[in-house]
Amino acid sequence: METTRIELEQELDVEKPIFIEGLAGIGHVGKTSVAYLADHLGAEKVGELYSHHFPPYTIVTDEKTVELLKNDIYQIKRDDKADIVLIEGNAQASTPEGHFEVAEKIIELVEETEPERIVTIGGYGTGEVVEDPSVFGVTSSDSIQEEYESADIEFEHDVDQIVGASGLILGIGKDRGYEGICLLGETPGFLLSDPKATEAVLNTLESMLELDLDYSELDEKVQESQDVLKKLQNIQNQQSQDQDQQNSDLGYIG
Amino acid sequence: METTRIELEQELDVEKPIFIEGLAGIGHVGKTSVAYLADHLGAEKVGELYSHHFPPYTIVTDEKTVELLKNDIYQIKRDDKADIVLIEGNAQASTPEGHFEVAEKIIELVEETEPERIVTIGGYGTGEVVEDPSVFGVTSSDSIQEEYESADIEFEHDVDQIVGASGLILGIGKDRGYEGICLLGETPGFLLSDPKATEAVLNTLESMLELDLDYSELDEKVQESQDVLKKLQNIQNQQSQDQDQQNSDLGYIG
Amino acid sequence: METTRIELEQELDVEKPIFIEGLAGIGHVGKTSVAYLADHLGAEKVGELYSHHFPPYTIVTDEKTVELLKNDIYQIKRDDKADIVLIEGNAQASTPEGHFEVAEKIIELVEETEPERIVTIGGYGTGEVVEDPSVFGVTSSDSIQEEYESADIEFEHDVDQIVGASGLILGIGKDRGYEGICLLGETPGFLLSDPKATEAVLNTLESMLELDLDYSELDEKVQESQDVLKKLQNIQNQQSQDQDQQNSDLGYIG
Amino acid sequence: METTRIELEQELDVEKPIFIEGLAGIGHVGKTSVAYLADHLGAEKVGELYSHHFPPYTIVTDEKTVELLKNDIYQIKRDDKADIVLIEGNAQASTPEGHFEVAEKIIELVEETEPERIVTIGGYGTGEVVEDPSVFGVTSSDSIQEEYESADIEFEHDVDQIVGASGLILGIGKDRGYEGICLLGETPGFLLSDPKATEAVLNTLESMLELDLDYSELDEKVQESQDVLKKLQNIQNQQSQDQDQQNSDLGYIG
């Protein structure tokens, strides 16, 4: 029984793409940014990643249908610019082993495309609300930092570590010879969703990827995202309740 | 060493059955409903599912004999109506990986019978006591929701997620091409057992499965179930005590 | 890499023995009782069981040498009475999966000897101090309970479940066709060691196994055991301290 | 997918070396001592150990580049004295199974060199600040304790257990026939870094290994180490914050 698996509807058909990861996490900066890219750039969905290490929940959609937690894989073919591969999703692993296993599975997929760059996206909680959030950068090696000079990325910061997929994918990728950068949107940390941090990251990506993003959709997307996140918050409340139930119920969950 | 295994006393001998799952969980709505069906419909027991991912406890029966935690598998052959397969039991997995592994094992068994429909049953805790509990529905796809119009299932609700086996079995089943529905009995969430929610679910099942249930047995069954659940509550108290003991005792359990 | 392994210095050379298990647990009733039997009956040590699922600690002996946590396996050959196999040790698994894996490994060893009976020993915490502790019995099937009528075992009790190895070994053994009994010494539950409960269990074993135990050694053994247990208590204190350290230290343990 | 792996840049080229382990832990005594040896003795780096059982974090260096958690392996060839192999690193496993798996991987590497002695290093928290910290010794067997008489190692102490890698490597090594010692620097336990305890351990190692250490570098090293440890402390603060985020966020980590 395979505990983490990628199901491709079609083989990735890109050349030396920029690979971009954004999964659920602090302020949902990663997930929301990459979801916006996928939407706005007309990305083509090519597959999904499922893992036994995700939390054992299923999502109920607005249509009252069930959805397994998963990560979605997209490709964007561009004529005069680098191709793009995206992975975006509503779950990360729930155990240490799971985090490493999922990150390695993703790197194995990415390796097949010989990516030009790996870009991972997350939020960095500072505990403070700021008017104009920064985008902090962490790279696979310092030699590529000048590459990003024009993209308004801050390399003077106090970030000491990266938790979860964004760090592991960049770090494992580095060990296998792929250069890349982690973009961390500055966010208070206590916000479930942070549109401002997301916009800051999108501005940076716009420059890095030579995009011309239409931000008029952002408000809509942010609203949509907030609906989803409100739902996730309800899930979390239910989860706490289940936890209590679990404690009073032999550890069996509904 | 196989960590989750199904032991069949006899092969399943049904055709395109309706598969119904109900395991220990919130308000024990799932387990109690399916146990009632098994009892009332003269279901034939065909096997059991055991897992290393269940909690490491054993049950002591009223006869002072030991029973491993397990899920029981039954079949019901019907002449002019769809056959039925039931899985009912006193345990769900205690880890994320375990939840996925057990759900996949169950789906693998079910797949062999090419089920017409998958029905999973649980409780949904609302935090409030209601006079006339609803049965909330979540389906594998919205196209089949009209099928259940006459069965008094509520599709207007705030359920955002399903925890554990009921959601995973429906979701994994959906991915493999099987349509189905999760029935969630509205329950306060703080009741160990909720006969009213169970009766509401049974009413729905009666309609869905074209049954003519004799509810006179329900009172008895509910009483029986409450005896069992009182026992489970004692277990849980003991468990808390063991946990304390464990904390004061190097993590070794009796 | 084998995660649970039994290392036998010599093959078990017994016929249809009574197999007795007593591991660290509530009141250390199981471990202390079986250690006393091993000592008093001149048991021959034949091997050890190690597991990756034990807590990741090592014991420091009085001689300031290191000892891995382990379970010891002994045999006792008797001329006119049933042979005996003992497993005694200072650790149980620390995860659900580990509990099941270790219990199955033990059953596999025991199966080779075609045991006449399986006897598992633990403590049952009642929260109350009693003058004359009972020995509660739980059997694999009720038909063998009369066998133990003369052994002063109480079958009227409120035990609803058994936590850990004692229940799993009896339950898995039952599923494979071996009859047996779990003896639970009544103990307050908050005592790290309970010599009285241990003596009650030893009295029962004396009758069951047709032994003539010399209890003069018990005081000494109890004292010795209490020294060990005081050490274990220190370990637990250190463990709490380490846990605090761990919380303030990235989860790295010394 | 291999969950713990050693990547050697070159084969170990030593004969019957002394193997020394020092990983992140209480007071970081082990890690800091062995890092100092590696630095001061011009150790040659030969490889690294990675594990899925490490915490799922990545370190951000001062150059704002990403580093996976890992353990570094070094060798020191000496003409008239015993060769030395060192393993030093910023992570230990985060699960029981992981601790055993990593320790066995290390022993397997060490076994290839037929080590003369295994030396593991950690801190022992006493809860008290002392002027002149002791170095407590725990050996694989008592017969080798006199060997260390001149090295100022205390064998009169209250250490009852060793948590994590230092104990497991010594214990598993012992079971495979390798003699050794665990050195535990006396430390308050609440200090993230304890230079005094580290110096005490280095004094002992200097004698044991027939070294002539230049302690002038120690101040610098301690300062450097404190910078790193301050960073680790920030990580831990972030980790607590993430944990809170995780609790309010479906268990998904950034």
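To keep things simple, chains are lettered A, B, C and D as they appear, and every chain counts its residues starting from 1.
Criterion: a contact is a pair of C-beta atoms (placed from the backbone, for glycine too) under 8 Å apart; a residue touches a chain by one contact, two chains touch by 3 or more.
Chain by chain, the UniProt names read as follows: A, B, C, D = Proteasome activator, proteasome assembly chaperone.
Source: prediction; values computed, not measured.
The rotation that brings the Cα trace of chain B onto that of chain C spans 90°, given to the nearest 5. Look at the contact of chain C with chain D and you find different residues on each copy: under half of the numbers used there are shared. Centres computed as Cα averages put chain A at a distance of 35 Å from chain B. Centre-to-centre separation between chain A and chain C, using Cα means, comes to 49 Å.
The set of chain B residues that touch two or more partner chains comprises 55, 57, 94, 232, 235, 239. Chains touching one another form the pairs A-B, A-D, B-C, C-D.
In the complex of the two chains, the chain C residues touching chain B come out as 23-27, 29-30, 55, 57, 90-94, 96-97, 99-101, 104, 122-125, 127, 137-142, 145, 155, 157-164, 166-168, 170-172, 174-175, 182, 189-190, 192, 232-233, 235-236, 239. Looking at the complex, you find that chain B touches chain C at residues 1, 3, 52-60, 63-68, 94-95, 98, 231-232, 234-235, 238-239, 241-242, 245, 247-254.
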